[in-house]
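Shown below is the structure under consideration.
Chain lettering (A, B, C, D, E and F) follows the sequence in which the chains are written, and residue indices restart at 1 in each chain.
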Amino acid sequence: MSTGAISRYPVPELADLPEDIRAKMLEVQEKAGFIPNVFLTLAHRPEEFRAFFAYHDALMLRESGLTKAEREMIVVATSSANDCLYCVVAHGAILRIYAKNPYVADQVAVNHREAQISARQKAMLDFALKVATRSAEIVEADFAALRAHGFSDEDIWDIGAITAFFALSNRMAGLIAMRPNDEFYLLGRVPKK
Amino acid sequence: MSTGAISRYPVPELADLPEDIRAKMLEVQEKAGFIPNVFLTLAHRPEEFRAFFAYHDALMLRESGLTKAEREMIVVATSSANDCLYCVVAHGAILRIYAKNPYVADQVAVNHREAQISARQKAMLDFALKVATRSAEIVEADFAALRAHGFSDEDIWDIGAITAFFALSNRMAGLIAMRPNDEFYLLGRVPKK
Amino acid sequence: MSTGAISRYPVPELADLPEDIRAKMLEVQEKAGFIPNVFLTLAHRPEEFRAFFAYHDALMLRESGLTKAEREMIVVATSSANDCLYCVVAHGAILRIYAKNPYVADQVAVNHREAQISARQKAMLDFALKVATRSAEIVEADFAALRAHGFSDEDIWDIGAITAFFALSNRMAGLIAMRPNDEFYLLGRVPKK
Amino acid sequence: MSTGAISRYPVPELADLPEDIRAKMLEVQEKAGFIPNVFLTLAHRPEEFRAFFAYHDALMLRESGLTKAEREMIVVATSSANDCLYCVVAHGAILRIYAKNPYVADQVAVNHREAQISARQKAMLDFALKVATRSAEIVEADFAALRAHGFSDEDIWDIGAITAFFALSNRMAGLIAMRPNDEFYLLGRVPKK
Amino acid sequence: MSTGAISRYPVPELADLPEDIRAKMLEVQEKAGFIPNVFLTLAHRPEEFRAFFAYHDALMLRESGLTKAEREMIVVATSSANDCLYCVVAHGAILRIYAKNPYVADQVAVNHREAQISARQKAMLDFALKVATRSAEIVEADFAALRAHGFSDEDIWDIGAITAFFALSNRMAGLIAMRPNDEFYLLGRVPKK
Amino acid sequence: MSTGAISRYPVPELADLPEDIRAKMLEVQEKAGFIPNVFLTLAHRPEEFRAFFAYHDALMLRESGLTKAEREMIVVATSSANDCLYCVVAHGAILRIYAKNPYVADQVAVNHREAQISARQKAMLDFALKVATRSAEIVEADFAALRAHGFSDEDIWDIGAITAFFALSNRMAGLIAMRPNDEFYLLGRVPKK
């Protein structure tokens, strides 16, 4: 496994991939201008790839009381608690774009308490971080704290489930030493031309 | 949300479920004699349900250098590190059945170092517990330690990916306070009649 | 020190033991049908053995505002926090018998917050776990919380002292790798014939 | 429970105590010039008192490959890890006296790695601190490390058992907020007249 | 203390500052194009301000076996371990500039093990992180590990002392909720025009 | 680097030191009767020495709402949390002298909750320990808790800044294995003749 690789595991050639997976990659490439390494590296196991992205899309694309930027805040804050390089860098980019805010991703990654976000969003991240690090200690009082900020029970499921999904994702990235694409570091930091 | 419930969230009636999900439940009921609560409680969100079980089956049913009992050992040990009641109790039962051993699940749940399992299996659980709790610290030396016990790189992916999947599963169970079915507590402890 | 042993240290023959210790063993064998390994393994040091069981009996057999089942809950919950295989398995069995409940021991061992026990019992275990893991931080407010649930100061001593005694016991078991008797795993799980 | 008290619990009058306990107190008073508060405060429960001191004496007075000063080092180092005010102050005094060294107790309490003690004694304290804080992780390699320093298996039992006993003692002191006698702070710091 | 402020404490006007401090600010403004908030916020206490920057300059501007980029790596890695928003963002910018590398700061902040830096630099950061989080456990073996990578004892002092200084700095930033200037987020990410 | 040394690094001769540093040492020797090792060992780097003591004096000698004894309490409590032998022993002595109390230093070092100090002082140490160990989590509520005890915002800066400075100091002491002078152990324990 060479230094410089984007994964500790073999990365398949696009040509060798099942049709549905190649199509998904070309679609994201069309949209983003490049193929994020999470697609390339997880394609090593097509069946797991399909379940991974089905789960991801079920959570991140659904109608929700959370905005897309808020969902990405959850990803960035909890991935940072797990020291996951890929997820902090890649989803930091997506967060900057959705929030149209070049500062918020670094703030949420390092210390959400000092981020320039709403009190409601800080409560959301407090809950997410508890699910990420001590999920067995979630009690009714944690739900009550979120309801006081106007979150519905379905919103709370979203917060918890996104955190849970990225608990998986962070561990896969750590396992294979998934490297973020260079493109992510700058995305959303400068006005789009 | 009443005490005594199997979830903090509403549990759908079988009759109200999409056909594919109901079919999956009836299939497991046919085989196990009851419907494990993970099916009933996660069916609250059909799309996430489908991704969850597709992922689960991709990892737990595939051909692998790990036996089915070894895969369940990983589930039990890492779920215990996360204090996940549902997963320890339910997968403890499955482990006892696959291993045909009424003691191993409790041993692995409480302290795998003192379990009556092989040195190879202890090394497997050491790695799984590191992925579960400190995945960002996984380095080449951790891979080398497993290879020395005869694990292939694909086996190591299995160990890490199963751990990652149950990191998700444990957090979902904590979020909704998923209750294990009473049946699990005794399964695999007494010889089948 | 062989694998498969019940202790890292030599285990004395019954015939070689001082009369009082042999008598105590025969008494427990008469009652339980087997000699729990804690008796056999600690008999390696007769004087410590006598003090250990004198202390144990002073706490576990005395009149108390705590039921015998509640005392065993404390043992199981705090021993699980210490990852003590012997104590979780052996006292889990005793708890199931005293509580006449085949589920409670596993629930309390894995996550007492989700156990089907009373709010009063959960407060008792919260306190016990604080004594087990951060006893220097016990303050008056912790006593007040228990008094609000009807515990007397003598009850609180019982909770703390049982926790303290098993802090010792768990460390002795870890030191010598004390193995639980196979009998304990099933005890209290099936109706007595 | 007043501030300034030596315990959160009632402290019995000498006159009201059972004869054997009063005799033990007078004996220690004769020898030390004062009655250490651990005697007075634990006498609230005579039966537990007897077991406590029987256990203490079995470990601390027996013939051993460890000197009395080394045994007190174990007490001071592990009690400090548990932030136990009574045990650090009282046994710090005893350690200074046995070691005829006015510095060693503070060194061992704050950071045994920088204490002016032998490499053998540092290894002893490394093991003791592991038993104190992570006893379930004790493995054969920990025994091997001590044997390499010349410790016998019986010596290792002593190290582990003293640590285990003070795990109990520290938690009792925390539970009742046991206050050290003022005399202990200075004992062993200045040459005896 | 208003939201949006750069400190929880009053920030002095430039006109009201002692001459030497105002001069230092104008100098940095001349060079950087803006006054970093650490200057403005710490000027609340002129005497501490002077000592702070004298210490900073003694460490960061001296001749050393460490490059300036390596010194900033230490700042970023240890400040991230302390979740210090100001230091991670501001020194991340300086690191990108010194290293002429737009990726390294985020890599070192999130997980230095996966950063594209040399093995020597990873060893340097391992040591710095140990000083940051467990300095009492530094032993000779830690020095030996660095010497094996070619670090001199003076280099090791630099690593440790920079870490120590930013342990102070991170805590001051947390105390006053020091906000990073917006300029830092983008610095060093795009080629200078 | 010899055992028995007061530092892992070379300690300069007084005669070889810059005049201002030698003068400072002679001044403290005149006052204390000996030169504390922190002066001798940090003189290895004169420029850092000057900044260190300028910072120290700015915090410890200034007019403040905190008494000098209270400032030393902060040093002792937080240095003990960092297991710093030099600072606990040396500043324990200074605390005993300022407080004219031979007991308070050991109490604050081991467990400030059980120290015989005021509730206001316990709140001060709670805050200091949070700055020492989790400064990124300091929020407005922490300030409010101190204001309720009558601390001004400037007093709170003092508490936080002293803690921050000794975070640096503790790490330097750990880095170089700074040994406390023998004189400190007894200072303030017996009435001055």
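By our rule, contacts are C-beta pairs under 8 Å (C-beta built on N, C-alpha and C of every residue); 3 or more make two chains touch, one makes a residue touch a chain.
Model, not experiment: these values are computed from the prediction.
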Among the remaining chains, which ones contact both chain A and chain B? C, E
Does D-F or D-E have the larger number of C-beta pairs in contact? D-F
Same or different contact residues where chain E meets its copy chain A, judged by the half mark: same
Which chain has its C-alpha centroid farthest away from the centroid of chain F? B
Measuring centre to centre, with centres taken as mean CA positions, what chain is farthest from chain D? A
Centre-of-Cα separation between chain F and chain E, whole angstrom: 24
From the C-alpha centre of chain A to that of chain F, how far is it in Å? 44
Could you state the distance in Å from the CA-based centre of chain A to that of chain D? 51
Two or more other chains touching the same residue: where does that happen in chain F? 83-85, 111, 114, 136-137, 177
If you go through all the chains, which pairs of them touch? A-B, A-C, A-E, A-F, B-C, B-D, B-E, C-D, C-F, D-E, D-F, E-F
Chain C residues touching chain B in their complex are 4, 80, 83-85, 88-89, 92, 102-103, 106-107, 109-111, 114-116, 177, 179, 182, 185-186, 189-190
Chain F contacts chain A in the complex at 136-137, 139
Footprint of chain B on chain E - complex, ascending: 111, 113-114
List the residues on chain B that touch chain A in their complex, please. 1, 8-9, 44-45, 47-48, 50-52, 54-55, 58-59, 62, 82-85, 131-132, 135-138, 140, 143, 153, 156-157, 160-161, 163-165, 167-177
